[in-house]
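In what follows, subunit A forms one complex with subunit B and a second complex with subunit C.
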Partner chain A sequence: MKNHKTLSCDIAIVGAGPAGLAAARAASVSQRSIAVIDDNPLPGGQIWRDGPQVSQLAMAKDYRRVLSLPTVRYLPGTRIVASLAAGALLLEDAQTSYRLDYEQLILCCGAQELLLPFPGWTLPGVTGAGALQALIKSGASVAGERVLIAGSGPLLLASAATARAAGALVSGVYEQTDRYQLINFGVGLLRWPGKLAQAFKLFSTRYRWRSHVIEAMGDRRLEAVRIRQGDAEAVIACDRLACGFGLVPNTVLAQHLGCSLEDNAVAVDRYQQTSQTGIYAAGECTGVGGSELALVEGEVAGLAATGKVEQAQALFTHRAYWQRFARHVKEHFGLRPEIRRLARVDTLICRCEDVALSVLAEEQGWNAAKLQSRCGMGACQGRICGSIARELFGWSLPEPRVPLVPARIETLMACSEKDMS
Partner chain B sequence: MITVYLDGQPLVMGEGLTVAAMLTLSESSIARLSCTGQPRAPFCGMGICQECRVTIDGRRQLACQTLCQEGMHVERTV
Partner chain C sequence: MSLQARTAAADVVIVGAGIMGAMCAYELASRGLSILVIDNGTGGATGAGMGHLVVMDDNPAELALSRYSIALWNTLRKRLPEACAYRNCGTLWLAANDEECGLAEAKQARLVEYGAQSEWISASALRQLEPMLRPDLAGALKVFDDGILYAPATARWLLHQQDGRITVQEGDVTRVEGNRLCLSEGGWLTAPAILLANGLGAFRLLPDVPLRPKKGHLLITDRYPACINHQLVELGYAASAHADDGTSVAFNVQPRPTGQLLIGSSRQFDTLDKRVEFDVLGRMLMRAQDYLPGLGELNAIRGWTGFRVATPDGLPLLGQHPDQPGLWLALGHEGLGVTTASGSARLIAAQLLGEAPPFDPAPFRTERFVGVASHTPGAAA
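Let's turn to the complex of A and B:
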């Protein structure tokens, strides 16, 4: 086939965020051939996302250098369509499909936002919280727009800072957790002085606790948001609402490869190896913990995959320090029960197939829901409604299906049937 | 500066923007109509939700993960 190529490498790394770059850097010392695959057109993952409105940190630039080493092949704008039998992945970019053969695989797939439904959440103008930050970094213009930020977690303040720097008028940052939790969170940060300094830098006088979105209102685009703040309600006119309820590990590829999950994240041992021999995982797909943890986990994975066991062990104490930070964040931003009850009967849960809560609430689990309504069968393959159904109904994540992402027919035809596992 | 055509209309912009960012420079940031006819715009910003799918030079692609190029033709999915 014309636009199909076969590639091979010793170590394939999925994700060019902090974890993937650190893994590549650690593994590159051994002179093994490495392929780094990322679906974004530019490297950096979420926190180091590049774009016209970004002045990149020196550290991010430094880590990115690994991608131009002669032993490293970087495949940007490339998606993983399926795992083929026996250590091979089927990939596709905008022009070409690839079969990539690998000896070892390191999954550094990061996390996605927990995007929970509320009335009006499908209106243009409503995005995730980190999503707004990502769009601004990618060049979206928000200057002079009235922006409201809501949901939960430290990302709200980071997103507000990015929006403000881009000229938006941030009228409020609404955090669902309560004051007691926030004070404890702040005091606890004394153990991670760097994080405390970061929190001070990002802090906003518009930060409100025990408050959340009730509904987004507007005719074909967002015009206002109804907010609950403590026991009071208010309607605030705005152009954008950025709402995210924290992060959830991105486990689709790991599940497809047969790796076990634990606590909704990819389960790994001390050497970052998953339940599948030769497949490692690092960064936020193994549990949400910030970029510092992602970096050290990536380094451990890169060293372990190249047999540098002692060097990997030397990093365990440092990793434990950031694992404690991850637990600290998780403990203080747990969702209050009312957040899971924001959707009304007519609120859409599945944005791909436009399936409302009333249809799903009657079903027992994914199989029945898919048969009755096509929920989770649309373009996103249940990546948005899957984590919603887990939060709202306690359903486990749907089993990933091949192709893992919408793919071209030619790509699927390029591999023979016996290739497909 | 580069020129990109959105539904046939030229838009002039700096380099390095994603197609999703480019949509915010137009009158409406809508990327597609849903199966029941509701307008939708980029939502997750990171290649997960598929709300931003548009046709770029004849191929269905994600606006949030595609960089604008000189002379590119982008059609909303309506």
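Let's turn to the complex of A and C:
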């Protein structure tokens, strides 16, 4: 096959966000050969996402240096297509496919936004809250646009700050959780002073609690949003709506590799090892907890994978500190039941295959729904509608299918016996 | 007429709600019988297969059954809702060289005998019809009545017809004895007739029946509208499909109504491992690229496997169990069970109700491989 290569390394790390970079840095001390694979063209993951409109923190720059070490091979813009066998992954980038042989694997796949359907959520102009940030960082202009931010969780404030800094007019930030929870959350932050300071910096007078989107309206594009705030409703004209209901761990690759899940996240032991020997996981794929937790988990995984057990153990207390923070966030931003009932019978749940709520509501579970309605059979492989169905109907996540992401047929051909040997 | 005894669950209890069980329920209920269909929800070949409705002519029995079945589908197709995604796209049997042109000619002659319309497409006409194919093919035989169908939706639709005479129940059947069956929860059910249409699940209930799984891989692409227009199959397909052992691949590609390409096919014996095997998938795709040179550039979005259930002679078992009165079998449809569901169901109904069979039932007799007699040397067909 003309564009096929075979690579090998001691330690393969998937993801170049905080967790992946910290894991690479910790493992690189042992002079083992490392490969870092990330599907983004630039390093940094979600929080340190690089792009034309970004000036990076010193810490992010510092962590990124590991990628230029001679023992580290960095594969940006590279997708994982499948696991070929134990210790071998099939990858592809824009030109080439690779077979990557590894001894140990560290999964640092991060999280994705939880999008929940409401009437109009598929209109152009409506995105996730984190997705709006990503858009802005990658160069989209929002200057002068009226932006509304809604959903749940601390990400809303970060998203509003990014939008404001890019010149958008943020007309409101609508958080579904109630005032009591928010006050408790704020008071609790005293235990993590750095986070409290961050919250103060990001806080805005346009922050509203116990409020959520009811409907996005517009003809071909978003024109206005109907909001419920407490017991009142209002229609607010705007150009963009950024709406996300928190984050869900990315577990697809881990599931494909046979790793067990717990609470919808990759299950790991104290050394960040998954249920599969030699496969570690760190960062938000093991549970949503912010970049500080991702960094320390990544470091533990990198050390454990290179046999530095004591050094890993020395980090356990620090990790526990940030694990408590993760629990604190989770406890105060739980979704109120009405958030799961925003969609109407004709609201689309699966955008790839145009499947409406009424069609899915008749099915017993994911497998029947998929077979009968084609839900989740599109190019996104059920990544979005699978999480939605879990929230709305309590169905378990779809079993990942190969290729894990859309892949060139040529890449899949490269695996036939003839060529592999 | 009603066969229903006072304690019976229904006139006929069918195990399996795949295309075969659904079609048998539809056919029997159309004659006024009450039908109970039991399925354990594991699913089978109906959800995994390609759904190509195709006349196959490797032997006269297969040709009679598949030709009759296609004719039945053609009367049914006008009633199928859009979810069943029926399309009368026809099949192009591709000839790569002179030798295969000869195969096409012989095939056409056999099809004519059974009333299946076909037409020879010259090399230049083929290039116009299917520009994505490699240009040096010798031509193709177009079979007009063939089509495609989304089998899972069709099975469900069939089970909702016939004015409520069909009931579907979730349940796992753990044993069958004549006209009784045992459910994992809820004890025994009795009916005048019990029909096993549970595909691969029959291995567990009738371990003596010589059925073999044949694993197949399929792959579907992203949407590329107006790519190909017919189901495309290489003329060497039959040879590959009926190879007795080893792993084989053949070119078989279907245009989905969504604009996606569904790519087959592979055959492997005696494995029940559901995982996609990359060496087999790779070989299958190389074969496909041999016919569609631009294929490598397209994006694949999903691959999967399924199991065909094969009898030793490749023909299904259709009829009553020779040693267990009241137990009926509709098993072993290999890679053709969506096509032949209609004809098989009609034959089962005819036998069950003592009507004249629609075609010669002898090649499908269960006695070939089932029952005490079939195990004595020299007894099997």
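The rule we apply is simple: the second predicted complex is superposed on the first by the 416 of 421 C-alpha atoms of A that agree within 3 Å, B and C clash if a C-alpha of one lies under 4 Å from a C-alpha of the other, contacts with A are read in each partner's own complex, and residues count from 1 in each chain.
One rule holds for everything that comes next: a contact is a pair of C-beta atoms (placed from the backbone, for glycine too) under 8 Å apart; a residue touches a chain by one contact, two chains touch by 3 or more.
Note that the structure is a prediction, hence the values are computed from the model and not measured.
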Contacts of A:Pro124 with subunit B and subunit C, given as first, second, both or neither: first
Contacts of A:Arg383 with subunit B and subunit C, given as first, second, both or neither: first
First, second, both or neither for A:Glu410, with subunit B first and subunit C second: second
Which superposed partner A:Gln372 touches (first subunit B, second subunit C, both, neither): second
First, second, both or neither for A:Asp39, with subunit B first and subunit C second: first
Touching partner for A:Ala140 - first (subunit B), second (subunit C), both, neither: first
Partner, of subunit C and subunit B, that touches more residues belonging to subunit A: B
Doubly contacted residues of subunit A, that is, touched by subunit B and again by subunit C: 378-379, 406
Contact set on subunit A toward subunit C in their complex: 82, 84, 90, 364, 367-368, 371-372, 377-379, 381, 401-403, 406-410, 412-420
Footprint of subunit A on subunit C - complex, ascending: 41, 43, 47, 83, 152-153, 156, 219, 221-222, 263, 276, 278-283, 285-286, 288-289, 295-304
Complex interface listing, subunit B residues touching subunit A: 13-18, 20-22, 24-25, 28-30, 34-36, 38-51, 53, 59-61, 64-67
Subunit A residues within the subunit B interface of the complex: 39-42, 46, 51-52, 77, 94, 112-113, 115, 122, 124-128, 130-135, 138-142, 220-221, 351-354, 378-380, 383-384, 406
